[in-house]
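Here chain A shows up in two complexes: once beside chain B, once beside chain C.
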Partner chain A sequence: MDMSTVEHAMLTPSATSAPASGTKVTARACNVYYGEKHALKDVSVDIPERSITAFIGPSGCGKSTFLRCINRMNDTIASCRVTGKIEIDGQDIYDPALDVVQLRARVGMVFQKPNPFPKSIYENVAYGPRIHGIAKSKSDLDEVVISSLEKAGLLKEVKDRLNDSGTGLSGGQQQRLCIARAIAVSPEVILMDEPCSALDPIATAKVEELMDELKANYTIIIVTHSMQQAARVSQRTAFFHLGNLVEVGDTRQIFTNPKEQRTQDYITGRFG
Partner chain B sequence: MTDISMDIARPEPKFRLDLTSDAARARIRSRYRAETRFKAYGIAALTVTALFLAVLMFDILRNGLPAFWQHSLLLDVPVAADIVDPAGKREAGAIKGADYFPLMRNALNAAIPGIESRSASKQLTRVLSVGAPDRLRDMLVADPSLIGKTIKVPLLLSDDADLYYKGAGTGIDDRAGRGTATPSGRTGEITVLTSSNDFAEELQNIKLRLKSVADTISRDAGRIERSGPDQAQRVASMRAEVANLANRYQQPGNAEALDSKVPSVLVAINGGLVKATRLDASGITGDVLLPLKSAEEAKPGTWKVVHYSTPESDRKVTDQEVAFLERLREAGAVDRHFNWRFFTTGDSREPELAGIRGALTGTALTLLVTLLLCLPIGVMAAVYLEEFAPKNRWTDVVEVNINNLAAVPSIVFGLLGLAVFLNFFGLPRSAPLVGGLVLALLVLPTIIIAARAALKAVPPSIKEAALGVGASHQQAVFHHVLPLAMPGIMTGTIIGMAHALGETAPLLMIGMVAFIVDVPTAFTDAATVLPVQIYLWSDLPEPAFQSKTAAAIVVLLAFLFLMNGAAIWLRKKFERRW
Partner chain C sequence: MNPHTVKTYDEELHLLDKKIAQMGGLAEHNLGQAFDALQKRDPRLADLVIVADHTIDVLEKEVEELVIQIIARRQPMANDLRQIMAAMRIANDLERVGDLAKNIAKRAGAIADEPHPKPVISGLGHMVEMALKQLKLALDAYAERDAERALKVWQDDQQIDAMYNSLFRELLTYMMENPRNIGISTHLLFGAKNLERVGDHTTNIAETVYYLVTGKPIGEERPKSDTTSQMLVQQGDR
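Right, the complex of A and B next:
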């Protein structure tokens, strides 16, 4: 199962020429507890590089919990406890020696509700590169900001008002700004937690288009409630139910020929 | 549930929504009534509150605003060189140290000439404040070349004279004399006789008053008699007094003496003023308050009968002083001006000289100490507790105790300050430094609570966003959460400081309640603060200090409004939508 073939030095970004078929994230026997509640049960999954993997399932099934394990965002919740093993490029991210801040720079995140900083558009994107020392000079920083906005497909809309507040943008623009902010620190993995649930269909289409473009360079994991969205954007789909990973496979196979009865029931709308 | 049930006639459901029956209408009416009633309660409560506030503000402003104005006498003062600078060296020290009293007296005597009696001339000089020469002295020190000249300079009036001009004296009315009046002299005790019964009305008023006094005594005597026989002697003496009074009022022609408990009767004649001490229908005997120009007889209509409607014993100024003050007013020598002195001097035993500069400076120094201690400590404590402290029993204990501290009566902090800062550390008594320390203890819990609330109000999504791009926890807090919480923290701090501004009790405990004339210049100087100054003044008997008290309250309230206004402005300006 472990398809990771390259041993990476600590926290070295993977070479951009790595084959698209490699495994980026590996989880083995991953359990999450919120206090007494067993929220995620024994999840083992491989997530391929430079593709989009969708997590689907009814509310409270643990898909968001698992997503937040991948950049250790669950650490911020005091009662949360994680067991098992999650590796990125073969490296255990729960290794006590690993710096969680650097992990989060490698694994970017986009949240359900667009949450730009209440600062200018420029500052929103520049914040990450600045604290990580990615850009040495003002002109470097400008370059990073412009190229990130460009990659996020937002540059055309905001290039004349980079100093306006990020919170003044529309919901869809705000979400793409958050994506630009995430890719400004050149992560390898981008986690998206229901990124379109607060957006209208047109903004959703734009974000989906953007994800399709980004998958050439990034490993994207998306949690979604919309099965159409999962079917449209993802190459692989994982179905979670009641804390268990029920089934994972190619998106086409999951939606046309699921192996498990529960998956079948969910995607045909019998429950959930 | 199933298709079959569709065809079966549905039984009347047990629970049905009823919108049309009488009971339903009654329910709606009662709901509307309840809503109207609730609205009325709210409006009534608001009205009562607004009324109280309006009455309070009206009363304070009515009492306090006059104290922001002051009266002076604009007199020509001949600056005699031999009095001001006998040595003739024109040294600032000598000019400062000279006795200016003779100059003041000469200027007043020139304004109201002809005052001979010692008592009258004493009363004349008493219309001026002991601080009256201050202005003149400053002018002379600044420009010694004025010595020897006659200069027009405002001389500060005493508190009683000042209050008189502010309307706290007496009502004055007069009527023209009907007969020809003949004074018996120009000064001293004289009689004024008229050819018609000009004083019949005054005499009758006095008789009526005697009758009412007699009736009162008679009623009291009757009550005491009924209550028992043991006070027979007292009753007898009261009866005798009644008989004596009856004897007086039953003979309408008899002359009557006037005392200080009845409205004063005066005669203005030949440019002078006579105060009646005894009168009958056709004449008075009295003391000359302002000397007459001549003792010739005055034709009908050229002289006047004057009344001071408030009895002399009910006011702070004597008839003699009223006469002087009215004469000065007629001469146009009275100057009303804004009371700058109130803001530029420290406390004084003389109300007209007392100011709030000392208290304001003391307040500023004290609050500065408080702010410098409270803001950094309070904010750091709040940030640590809210963002970094582990959630365990110890932090719970700390949190509960911070909330408890916010509810501790302020006097307890004063006792703590007395025990710790004064007795243990030996810091100076009455000092703004100690006051600031004590107020810091008092305000710290408020600021911590406000700051924690402000930090909590920052949406967690902002922190998550920062963590999501790889900021450390500390970076996320200091780069994003704290700046966003800052308006709330500032608002809480200003409210806390406004609380400290109005605090009196703890400062009494550390000795900031002393009478301090000098304006403090350092954190360890003896000082007092505005609310304590108000407390001190409110205790003093002079009526002018009552008005100073209200004026100081107006200043304190102005500062409080200013601070609260600043808090509201900050909140509005930096309010964010997420």
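Right, the complex of A and C next:
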């Protein structure tokens, strides 16, 4: 990676583009190796809190790899090695003393394919608060489940059938159930790995609307293959290519006037 | 620039540029011919300009339609987005230039039988030359995506404004000399005003080109020299 790219990647939000609040996630010289393969190269970036940051780039560019570093999902892959530093609120999340389970409660994740547990709608949402000891009593738990479903914009559709199986819902409802499950443990950061790629346009719009509401309270990072989705939902956009963070900036700027030729070629459909 | 993975997208953008070039050529041609008609007192030539303006209007509609299609079907981004927005705006300005040329042609028809005040006609001639030169430069800047040239066009518009101011003063004086001059002078004054407006549309085109190329608006306040809106000529003011 050449120095100019590093400089871009290190750019903190400028005065004009700064979100109202501070930085939530900080990565410095982050590298990821899958065995011999150098999948992520020297990525340094600041992610502002209470806003939506989109990661875009062609398949295999490292965007999902980087996303999975932020809640240490890569730990589950034996051949994977992560170097560099990632901090959340100034706390090193690769600190050996850190409890990974606690970290994943703070950093929730929503995947490409909706993956509700084969349990009731209620149990899907109650599972996290229960194992993390968030709810003291049954009525506490009820409240967490209801408010999470409410925040996920799903309550109206499921309130009369909380004991039905989560897998019986439509794809879009299942994905919002997974979002409800993620926010039930009061995370600070929500990672979304192509959350809408298996959904129809209406369900996608509902998830996007939900993200827009959630950004008031959560820091959201979304990996998406849809440039239009990144442009629609995010405030900041980061473009990855061949493991490098090529450019990060205001979404408005990235999609109207990107600085890097590679970014421009990618978002205008001129790649390869 | 690298081609798009989808070839028909490139073809559409290319077609857009082609239509703009066509419109630009016609607008230049009509403006020149409108002045010729005026200078030569040739109402038939004037009629040709009036008829030819229709082609520019049709092309503008085509550009608009194409732009809407591209937005709907391709969801353009970055430089592509800037290009199609630029094409739409430039088509709009060129259509207006066409209208102004047509208006001059109509006036040429109306005053074909009047005696010409020579210095005013030659002043108008210089203004047409300047307006055409500027328009050509702006269109070249578009074709070549040349921000520097666009900036130059933008700055030089004040020369047209200065010519307009001087013609304005001259025509007022001419009217005061003899009330019988008022009819033709008013037509010529509107003609001069039309050319000044052509300069403004050219400036718009230059601004658009600058944005298209750099992604930024032209920053500073444009130097403006049309002062006729505050101008009065007193009796005996020569």
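Following the convention adopted for this analysis, the second predicted complex is superposed on the first by the 251 of 272 C-alpha atoms of A that agree within 3 Å, B and C clash if a C-alpha of one lies under 4 Å from a C-alpha of the other, contacts with A are read in each partner's own complex, and residues count from 1 in each chain.
Everything below uses one rule, namely that a residue touches a chain if its C-beta (ideal position, glycine included) is under 8 Å from a C-beta of that chain, and two chains touch if they have at least 3 such contacts.
Predicted model only: the values in this text are computed from it and were never measured.
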Simultaneous placement of chain C and chain B on chain A, clash or fit: fit
Which of chain B and chain C A:Ala105 touches, first, second, both or neither: first
First (chain B), second (chain C), both or neither touched by A:Arg181: first
First (chain B), second (chain C), both or neither touched by A:Met73: first
Chain B or chain C, by number of chain A residues touched: B
Which superposed partner A:Phe255 touches (first chain B, second chain C, both, neither): second
First, second, both or neither for A:Pro116, with chain B first and chain C second: first
First (chain B), second (chain C), both or neither touched by A:Tyr94: neither
Touching partner for A:Ile267 - first (chain B), second (chain C), both, neither: second
After superposition on chain A, the shortest CA separation from chain B to chain C (Å): 11
In the complex, chain C residues that touch chain A: 1-6, 9, 75-82, 215-216
Residues on chain A engaged by chain C in the complex (per definition of touch): 227-228, 231, 255-258, 263-265, 267-272
Complex contact set, residues of chain B against chain A: 391, 459, 461-473, 475, 479-480, 484, 576-578
Chain A residues within the chain B interface of the complex: 71, 73, 76, 78, 101-102, 104-105, 108-111, 113, 115-118, 127-128, 131-132, 167, 178, 181-182, 184-185
